[in-house]
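Structures given as structure tokens follow.
Paired with chain B in one complex and with chain C in the other, chain A is shared by the two complexes that follow.
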Partner chain A sequence: MSGLVREIRFLASDRAALLWLGIALLVACVSVVLGLREIATQRVVLNELIEIDSAEREVLDTLYQDWGDVAYYTFHLTWDSPSDFAFAALGQRDTSPWKHQIRALALEGQIYETDAENPDFALIGRFDFAFAANLLAPLLLILLLHDLRSAERTAGRYELLSATAASQGSPWFARAALRVGALTICLIGPLWAGGLLGGAGASTLVPASLVVILHIAFWWGVCALVDRYGWSSPVNLTALVGVWLAFAVIVPAAIKISVESIVPLPDGGEILLTQREAVNDAWDLPKAATMEPFIERHPEWADYTEVSQPFEWKWYYAFQQVGDQTVEPLSQAYRDGRIRRDRLAGSLAWLSPPALAERAMQALADTNVAATLTYEQRVRAFHKALREYYYPRLFRGEPVSTVSLQQRPQFRGKES
Partner chain B sequence: MIGAIIGKELTEIRRDGRALGLLGIVGLLLVLGLTTGLATENAREREVLQAQADDAAVFLEQGEKNPHSAAHFSRMAHKPVAPLASFDPGVAAYMGQVIWLEAHSRNPAMFRAAEDAPGLSRLENFSIAGVLTLILPLLVVLLGYGSIAGERERGTLRQLVGSGASPTRLLLGKFTVIAGVGFAVLAAAVAISTTFSLLSLSESGYSGGDLALRGLSLLLVYGLYIVCLTALTLLVSLLVAEARTALLLLLGIWVVTVVGLPRLSASIAEQVYPSPDSASFWEDTRASLQANRPPSDSEDYVAVEREVVERALGRELREGELDDLEINRGALRLEVSEVIDTEAYNAAYAELFANYERQKNLRQMLSIFSPAIALQHLSRTLSGTDVSAHEHFSVEAEIQRNNIVRAMNEDMLLNGAGESFGYLAPPEFWESVPEFDYRPPSVALAWSEGIRDLTILLLWGLAAVAAMFWFGGNRVRV
Partner chain C sequence: MSNVLSIAREESRLWLRSRLALFALLIFAVLLAAVSIATSLRMSEEHRERSEQQALAEETFLSQPDRHPHRMVHYGHYVFRTPPPLAMIDPGVDSVTGQSIFLEGHRQNTAMFADARAGADLGGFEGLTAALVYQLFVPLLLIAIGHGVFIREREENTLAPLLAQGVTGNELYAGKWIALAGVTLALLLPLAIVSAAAVVRGETLLASFGVIGLYALYLFVWCGLILLVSAMVRSRALSLGILALFWLASALIVPRMAVESAVSAMPAPGKIETDLRMQAELREVGDGHNAGAPQFMQLRANLLVQYDVERVEDLPVNFRGVVSEVAEADVTEVMNRFAEERMEFEVRQARFAESFGWLSPVVAVSAGSRALSGTDLATHHRFLREAEDVRFDFVQGLNRVHAEQLAYNDDINRSLNEEANRRTRMSAENWNVLDEFSFQPAAADERLARAGTPLGMLSAWLLLLTAGGVGAARRMQP
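On to the complex of A and B.
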């Protein structure tokens, strides 16, 4: 006990250590506050959009007497609500869209919508807790631990300290453990405070804390390993920063390059061009050329394929669907490729603890690539439901009615 | 005397295995960055050229078609790869690279490579610019942290000053060597990158002269960064008693200013000037489109009608002639709506880019705490991979969209009288629709965009050098 008190006093008198711990606490607090504000903003935006979306539909529903017009002019908001833990790891939410306005037209032209966020900031990445804990904290730990033994060696006290402390256990372990513990508290404290404020439960905060602890423990191990060589403080520091560069920058960069070359993706522009070509060509093709592939997919409307007028809505929506059908293989290959890329990156991330910790945080926050793809699938499912709702009304030529409009599918946000 | 100091410093660097080791690592990383940058950007350029060719072929071979139907199909504008993207890819992966030039709608760019990237941590966005911004400071710190403090600890500083070396000359010699090593690394990186870009310069629209000027400009701004880093490193080495404290302090400064602050400044700027979400952006744009459309019997509407017809005919109309002309009235309505809506679209996009600019300005203010922020801005601007370069492309693509849609509408207006939407343009008509001949902005525009960042970097450099000589002159403790 006296040893611990002595180490606490020693730490309290080490101004440099207190500075690094203070920076760690500040960084963690700022990252949590910024993350919470970002998520609060996203929620406000979503609530406003949901309200506008609903109000707009109410107005539009009174304007049109034809299902073709209703389907053409009515937008439907789809969205991916942030989880209660998303404040800690904003992940892919700044590069991949998390809301769309969908119509019953061809989906492939709508789903790759680009958001209006500043691309400069997407490039730099967000100052969230995951960044603070996974990239900055290891550096601060290195600054805290690099000279535990080497400073004493330089001061000529190392042998004396080792000898006098031998009966009470190694002072180095206690000294390091105290600093590691303090740093971990500086990180986890704000995380829990933010988590409780943001509504995240213990079921998320406990594994997230575990990720932080394991990651910090890894870097403690690295520091201890380097310290064993008996180098001077500057050499230790240089070597440790080199290790950080390798694990945090070089290995992830190598993973990215490898993954992208091992798993090539179809060009996104090709999907759009092919779909656009199919939809555009349909205007000039005989109506049967559109209706045949449509009926292959929807045989239930085989008896309603006669198009006698130059323009009929059912034909219009049929060629929109055929446009999507044409690019289905490309679109599927694109999606499969993204899944394969993500899985491969997940396996290779074991080579880089910071990248692994980042991915673990994103998975807990539901802001990873898998969450993005799941949302995309939900948009596709909703769009399919919209088509299935409109087709009977379009093909049978039913009149627009309030009762029928009330049966229209509504997008439901996922439960957080 | 200064030559002797420089010689001594170079010998010490040669003997310091760590400095040489890190120099080797930096060199290796630069080669890796260059190789991957060139491979990625060359592949992207090939894709762009192929996509352009495919798009042109499909458009030209569409046969007889109603021009308005073709205007909905229209063309794609593919953003050329900036030749120095292999040096600093900038926001290229985070902005769409293709704009659909569709009638009635100014679309945003689509398909961001970043969406296809595996989810890691963003620090993996590896490039020569990234290596120079993040790792070059470490090289400078390692070379310089012990320059004064180490000499003082060993007692050799007293010897040097005692033997007649003035502290200012001593500092100048050390500064020259450390900055010189950093500059040599930089010059090699920029020269190789620019040379490879010059060799692979194809149909991107950039000229060789412009590219060379961009390379020289990058050399200048990164050179300023090195001056700043070297002066700060020597300043800290001057002020603290021990070399290890200097190293600790300098690495702490690196963690905060190079790793932490660039991200923090971006998050602060986003909080202060939030980017509009796409749904709100389109809601607002649709509302302003509605508000901007005058009634079809209003004077404003008739004035636009007149302007459209006069432009199509290439002559002024006589009083009352508009009502009697045999033209396709449907096409006239379409073109009038294009002209009116373009104003609203341009205003909406101008406001979006103005908000990006406000965010950048705030980040610029925060670069008083970190020169790395100003450097990041300048590097992307001079490489032609920043948001302003994208805005230039977006504006030019919109002009092209207007030209294409106008050509379609005018053909229908003049040749489709009485046929309404049944009019079909002949197959050879599509060849008369102008191609998109995009000329990227010159380095002059990049400099006008980057002047404030350059001023900040210059002030950082001057302040650091002045402080170094101020504290190093007669105040150096031996």
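On to the complex of A and C.
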């Protein structure tokens, strides 16, 4: 026990160590505050948009007397509310859409639109807890540990300290353990404070803390390994920063290049072009060429496929649907490709602990690639529900009525 | 002068003999070469692909059969943002903004399919480019080999003899500077080679030299800092600690803090929000598809007076086409106003973030690099504006065909009568209202002007650090 007290006293008088720990605490606090604020802003923006969106629909509902016009002009907002833990890892919410407007036309022409933030900022990235814990913290740990032994060696106390210690290495272990522990607390403390403030439960905070601890432990191991060579402090530091560079930058970059060449994606532009051709060709084709593939999907409307005039809305929406059907294989391949890329990146991330930790936190925060794909599926499901709502009204030629409009599906945010 | 050169020579000789320095240099040489080659190959492949897609999109549009011109308005067209030659060094916002826009009547679509959304996610630095290596990681190498340039003389007890021989502080500083600057210039070699390749691909010499000069200036700032700290501090460990702290702050923390500050100082409304707010104004303009809308009554009356006829059917022009043309112009005016507002906002945000270049040379160099390479926000806005010009021109060209060549009676009966419908199909020759599109970044001098502020910031950094370093070297005592 007295050994621990002595080490704490020793740490308290080590100004450099206090500086690095202070920076760690500061960085973690700032990242948590910024993350919480960003999530709060996103929630405010969503609430405002939801309000404007429904007000806008109320105006539109009075304007059109034809279901075709109603479906053509009415946009619906869809959104992906941030989870309570999203503040810690903003992840894909930085570059991928979390709000989207759609209408009942062909979906493939709409779903890839994005409401992006300032591209200059998406490029640099945000200052969230995941960044502080996964990229900055290892560097701070390196700075804390690189000269534990070598500084004593330089000061000429190394032999004495080693000789008087009960067992070889133990004073160094205690000293390092104390620093590692202090750093971990500097990180996890603000995370818990922010998490409890933001409403995140133990179910995310505990695993996230575990990720931080394991990740820090890995870097402690690296530092211990380099320490064994007995180099001088500057050489230790240079070597350790080199290891950081390898694990945090070079390996991820190499993984990205390999993943993207192993799993090619169909060109996004091709999806749009194919869809556009299919939709536009329909205008010049016999009506039956549209209606046949349409009723394959919707046999319930087989008795209503008679199109007698050059233009009828039901035919118009039928070829919108057929346009989507035509690009289905491509669109599915694009989606599958993204899933496969993400899975492969997930497996290869074991080669880079910082990448692994980042991905783990994004998974906990529901801000990873899988979450954006899930959101996309929810938009697709909602679009399908809209179509299924409009089809009976279009095909049976029902009049537009307030009662009928009230039955229209509403997008609902996910339960959080 | 001979003193200066011999100090520089001695320093380089020591680096070449130090296995650590040599090893670090070697690793960085390989890294720089590999990343430069990878970035160059990727961006030239993108250039080829997008140019081909652009040509294909134009061909497809022009080869459409005879049809109603308004159908071509909605058939629409695609434009692609081909990356400029210097994107081989700094792809800039290319990966986070979409590369193509679908152009159609009465709508301004966003750019779609950004690489960043379909790529593998590995936590922050996976999108490594040559520019990023120079901006973030080459300074680490310079720190590793340069942090002890003055301290070494103390440690090896060579400082006293040097000073006793009459070597002045200025000479000492100049010698060390030349040694470190020599390494820097050697490290800039891959950048120079890629810049030369960019010139071969049509980039101007001014911009290419601008990029090389910018990075040289930036790395010299780091040399200045390293020399200053090394001259002021007595132990290697402390020198390394200070430099590591500075790197941590300026490379990793300040850039992201700049983003956070800009976002919170001026929160920008999103595209959907803008669109929703725009809807009310757009409704006032009226829907160009509906020539009977109240908004067009005045237009109708004016036309009847102008041509001195009683009925719309007797007008020498197709009233529906005229409405389309007028409505498109009005709608575009509204959309452009909102779009310009949004771009203006983004520019102000970016400028705010850029001002953090006074705190971190990394922020300055990255802004300057994107501006010079033609891959910055302003270039993306230029793309959006040019795309809008193409959109407006072909849509209005088609609307004029609609107004002038298509009979009104056929037009109103086309949904009821097959014969009339057939007559509304205009000859495909009319589709050549579409202009060829080939995206080019702004002229080199304009880009250089945009990089003016970052260049000024870096010059100020260099001046300040060099003055401080020379002062510290002069005061050096054994």
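Going forward, the second predicted complex is superposed on the first by the 412 of 416 C-alpha atoms of A that agree within 3 Å, B and C clash if a C-alpha of one lies under 4 Å from a C-alpha of the other, contacts with A are read in each partner's own complex, and residues count from 1 in each chain.
Note that in this section a contact is a pair of C-beta atoms (placed from the backbone, for glycine too) under 8 Å apart; a residue touches a chain by one contact, two chains touch by 3 or more.
In this text, all values refer to a predicted model and were calculated from it rather than measured experimentally.
Participant: Where does A:Pro119 make contact in the superposed view: on chain B (first), on chain C (second), on both, or on neither?
Facilitator: both
Participant: When the two structures are overlaid on chain A, which partner does A:Gln309 contact: first (chain B), second (chain C), both, or neither?
Facilitator: In the superposed model, A:Gln309 contacts chain C only, not chain B.
Participant: Is A:Phe87 touching the first partner chain B, the second partner chain C, both, or neither of them?
Facilitator: neither
Participant: Residue by residue on chain A, keep only those touching chain B in one complex and chain C in the other, then list them.
Facilitator: Touching chain B in the first complex and chain C in the second, residues 16, 19, 23, 27, 30, 34, 37-38, 41, 45, 48-49, 52, 77, 91-92, 95-96, 99-101, 112-127, 130-131, 134-136, 139-140, 143, 147, 151, 154, 232-235, 237-238, 241-242, 245, 248-250, 252-253, 255-257, 259-260, 265, 267-269, 272-273, 276-277, 280, 283-284, 337-338, 341-342, 344-345, 349, 352, 354-355, 358-359, 362, 368-369, 372 of chain A appear in both lists.
Participant: Which part of chain C faces chain A closely enough to touch in the complex?
Facilitator: Touch list, chain C to chain A: 20, 24, 27, 31, 35, 38, 49, 53, 57, 60, 65, 67, 71, 74-76, 78, 80, 92-93, 95-98, 100, 102, 109-110, 112-114, 116-128, 137, 140, 144, 147-148, 236-237, 240-241, 244-245, 248, 252-253, 255-260, 262-264, 267-268, 270-273, 275-277, 279-280, 283, 346, 349-350, 353, 366, 370, 376-377, 380, 414-418, 421.
Participant: With touch defined as at the start, can you tell me which chain A residues reach chain B in the complex?
Facilitator: Against chain B, chain A makes touches at 16, 19-20, 23, 27, 30, 34, 37-38, 41, 45, 48-49, 52, 77, 91-92, 95-97, 99-101, 112-128, 130-131, 134-136, 139-140, 143, 146-147, 151, 154, 232-235, 237-238, 241-242, 245, 248-250, 252-253, 255-257, 259-260, 265, 267-270, 272-273, 276-277, 280, 283-284, 337-338, 341-342, 344-346, 349, 352, 354-355, 358-359, 362, 368-369, 372.
Participant: Under the definition above, what is the set of chain A residues touching chain C in their complex?
Facilitator: So the residues of chain A touching chain C come out as 16, 19, 23, 27, 30, 34, 37-38, 41, 45, 48-49, 52-53, 56, 59, 77, 91-92, 95-96, 99-101, 109, 112-127, 130-131, 134-136, 139-140, 143, 147, 151, 154, 232-235, 237-238, 241-242, 245, 248-250, 252-253, 255-257, 259-260, 265, 267-269, 272-273, 276-277, 280, 283-284, 309-311, 334, 337-338, 341-342, 344-345, 349, 352, 354-355, 357-359, 362, 368-369, 372.
Participant: Could you please specify the touching residues of chain B with respect to chain A in the complex?
Facilitator: For chain B paired with chain A, touching residues are 18, 22, 25, 29, 32, 36, 47, 51, 54-55, 58, 62-66, 69-70, 72-73, 76, 78, 90-91, 93-98, 100, 108-112, 114-126, 134-135, 138, 142, 145-146, 243-245, 247-248, 251-252, 255-256, 259-260, 262-264, 266-271, 274-283, 352, 355-356, 359-360, 376, 380, 386-387, 390.
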